[in-house]
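What follows is a set of structures to go through.
Each of the two complexes below includes chain A, the first together with chain B, the second together with chain C.
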Partner chain A sequence: MKNDIVLREVCKFMIPAIQLYAVYIILHGHISPGGGFAGGTILSCSFIIAHLVFGRDYVKSKFNFNLLIKIMSICLIIYGIIKMYSFLTSGTHLPHPPIGVPGNILSGGFILPLNILVGIIVACVMYIVFDLFMEGGK
Partner chain B sequence: MYKYFPLINVFVLMITAFTIPIVRKKKIARELSIFSNAVILILSIFILVNVISIGDFHYKAGYPNTFFGIDWYIGSIESVLSVLFAFVSLLIVIYSYKSIEHEVPNEKIDFYYILLNLLLASLLGIIYTNDLFNSYVFIEVSTLASCGIIVIKDKKANIKATIKYLIMSTVGSGLILMAIAYIYSLTGHLNMSLIHEVIIKNYTQYPNSVLIILVLFTVGLGVKSAMFPLHGWLPDAHSSAPTPSSALLSGLVIKVYAFTLIKILYRVFSFSIVNETIILNVIILLGSCGMIFGSIMAITQKELKRMVAYSSIAQMGYVFFGIGLGTPAGVATAVFHIVGHAVTKSALFLCSGLMIEKVGSKKISDLKGIGKEMPLALVLFTLGAFSMIGIPILPGFISKWYLSLACIEINRLSLVIIILTSSILNVIYYFPIIINGFFGHENLEGKVYKSKSVSIDRMLPIIFLMTAMVLVGGFSKNILNFISTAF
Partner chain C sequence: MELFSIIMLISLIIFSIAVSVVKDLLASVIVFMVYSLIMAILWQQLNAPDLAITEAAVGAGITTLLFIIAIKKIRGDKK
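Presenting the complex of A and B:
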């Protein structure tokens, strides 16, 4: 599969498009359906396609596992702190989550920052789990 | 201010858990874990003091004053259990500081402490929460974290035991989720107090649905807390895990599901509803079977840790026995037994871990004469065994005594015979270890006094746990009175 030239050339176009779409879904989470988890899954799909088509070493040359785990932990800590702040100050004082305005980042309360963090976490975790099952944790 | 403490407890544990992979140093991982556990203990003691002086309180996270906000309820039992869990877990983490390198591969030690922190956070969450779905989420986290701390040793037996545990407890989680879905479609609420209000008015119209919900919860939580015929995973998992994990799993993890069952039976439903159904008879039957057969199976074991694990099944039988009595006295005694058994069993597991490490064999037959080589360890083991058997003052005796009184109170004298039989069976498997360890000419021959004893700082957590156990026995009346105020 790695030597199939058609596949490689098509994927060179496909992977950036998939990543752009994932970023769009994450950043539009507070306005339209979608959000961190869905966008993060699509983002990790692009990593998985790159792993399958260009090989593991190609992906590892872009980012190694320790870095992924560190990024994920930092995102989790920031997520925890933001959520703790919103819980301790009794949330947004509204009975329903607010609906955002396009172009205004904090218009949806903390939903957009939390969506971005969830997207990064899900993308890292999905790719790590895929790699663990594919390569047996080497 | 103290109303935020339960939330801060869970947050501190979770956030320190994810700080560990950033630093990735074994020493810092251990110190962070000990530090966070100490913080939790201090905050839990604050909560307990406030509950004693001011009374129980609700904390609503998320959206307050709506029915879909997450509700946390801290009453007398919750505050006692949270202090207990923080205390036992702190001492187990301190014990693991010196001993974990013997059991867990070097590169996985920092992951081990992530899992320990996540496990304690989820256990505290299950205790505090007053929301069914919230408790389900925490139950899932605790299941995965406890699978992780078993498999981390990376031996064949661990992987086998973990897969068994994972499959069985996933089935249990599925049943719990099904029951929550059923109760939600029946009442339209997930908050336990609101469900109680709805169900107390309407339960006469849905007798079969109530029974189905109760059975699903009992079986689902019964798998996770090793109720008698569903205990198959426990001996393998608890005996093959690293020693601190065994102490944590046997001391705390299986208890929290029994407490969830108490919350569902007596807080979501109530004494009057539950007493009208058949479920209490089933629970008391399975509890009695666990008390008898758990002990009989423990007698036949050849390995020390396996024997102590089977003893856990027998002791969980007492908890279910107390739940099944269906009176406030019985349930309060069940909670007291949870407290007493948590400190005792974790200390027993740490003791047996030390003895196994020094002797280099898991077999009970190789431990003959250990009383001369490791006198302090065996003295502490003996103290814990006395509590299991039911020597007065120690908590094991107190819970057996009050369980018998609760049986006499509702005129079910035949149940007292089961308690007595189980106590005698406990003697049969604990005493041979103690007698062969301390006495017998051929056992002690050739053994050098204190030749295998370990330094006192490794013994200190066990000494603290045993002291706590004696104190729990000594102040049993105050603890029981305080617990009884919840019903």
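Presenting the complex of A and C:
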């Protein structure tokens, strides 16, 4: 399968398109259908296609797995901190996140950073699960 | 639109029975993927496009891939 020229040439321009669509879904998650989980899953699908078509070494040359796990952990900590603010201030007089305006990405307050963090976490976790399943953690 | 939804609901019942009846494991996985895709269209019909995107990505993409890898691991590498 790795030597099929049609598959390789089609994937060379399909993978950036899939990634662009995933980033669109993540960035517009609070004002249109989608969100962090759906966008992150589509992003991880593009990594999985690259893994299947170009081989595991190609993907490993792009991301180091230790770096991937570190990014994921840092994103989880930041997510916890931002979400804790949202929980703690829900009944008090501190400022609430605003309701977003359709068409304006920056109108949602801290919902946009939360969506971006969830997207990164889901993409990393889905790809790591797939890699552990496929290669057996070598 | 009512007729379209009813046809898809009936096909969902047929597919869900077929998944457990079909003997070939690979065919069963493919029928399950088609079930997920039709479910995604049905979520769209029920005004839940958010769920439709997630169902299409997770149900038809990741789950099918993991099932196919599991079948490959069970049968061994016969090349």
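The definition used in the following text is that the second predicted complex is superposed on the first by the 124 of 138 C-alpha atoms of A that agree within 3 Å, B and C clash if a C-alpha of one lies under 4 Å from a C-alpha of the other, contacts with A are read in each partner's own complex, and residues count from 1 in each chain.
We take it that contacts are C-beta pairs under 8 Å (C-beta built on N, C-alpha and C of every residue); 3 or more make two chains touch, one makes a residue touch a chain.
What you are looking at is a predicted structure, and each value in this text was computed from that prediction instead of being measured.
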Quick check for you: in the superposed arrangement, does A:G55 touch first (chain B), second (chain C), both or neither? neither
If you stack the two complexes on chain A, which partner ends up touching A:M84: first (chain B), second (chain C), both, or neither? first
Taking the superposition as given, does A:S73 touch the first partner, chain B, the second, chain C, both, or neither? first
State whether A:A38 touches chain B only (first), chain C only (second), both chains, or neither. second
Doubly contacted chain A residues - partners chain C and chain B: none
Write out the stretch or stretches of chain A touching chain C in their complex. 25, 33-35, 37-38, 41-42, 44-45, 48, 126, 130, 133-134
Residue ranges of chain C touching chain A (in the complex, touch as defined): 49-50, 52-54, 57-58, 61-62, 65-66, 69-70
What residues of chain A sit close enough to touch chain B in their complex? 66, 69-70, 72-74, 76-77, 80-81, 84, 87-88, 90-91, 94-95
Across the complex, what residues on chain B touch chain A? 4, 7-8, 11, 14-15, 18-19, 21-22, 24, 60-64, 66, 69
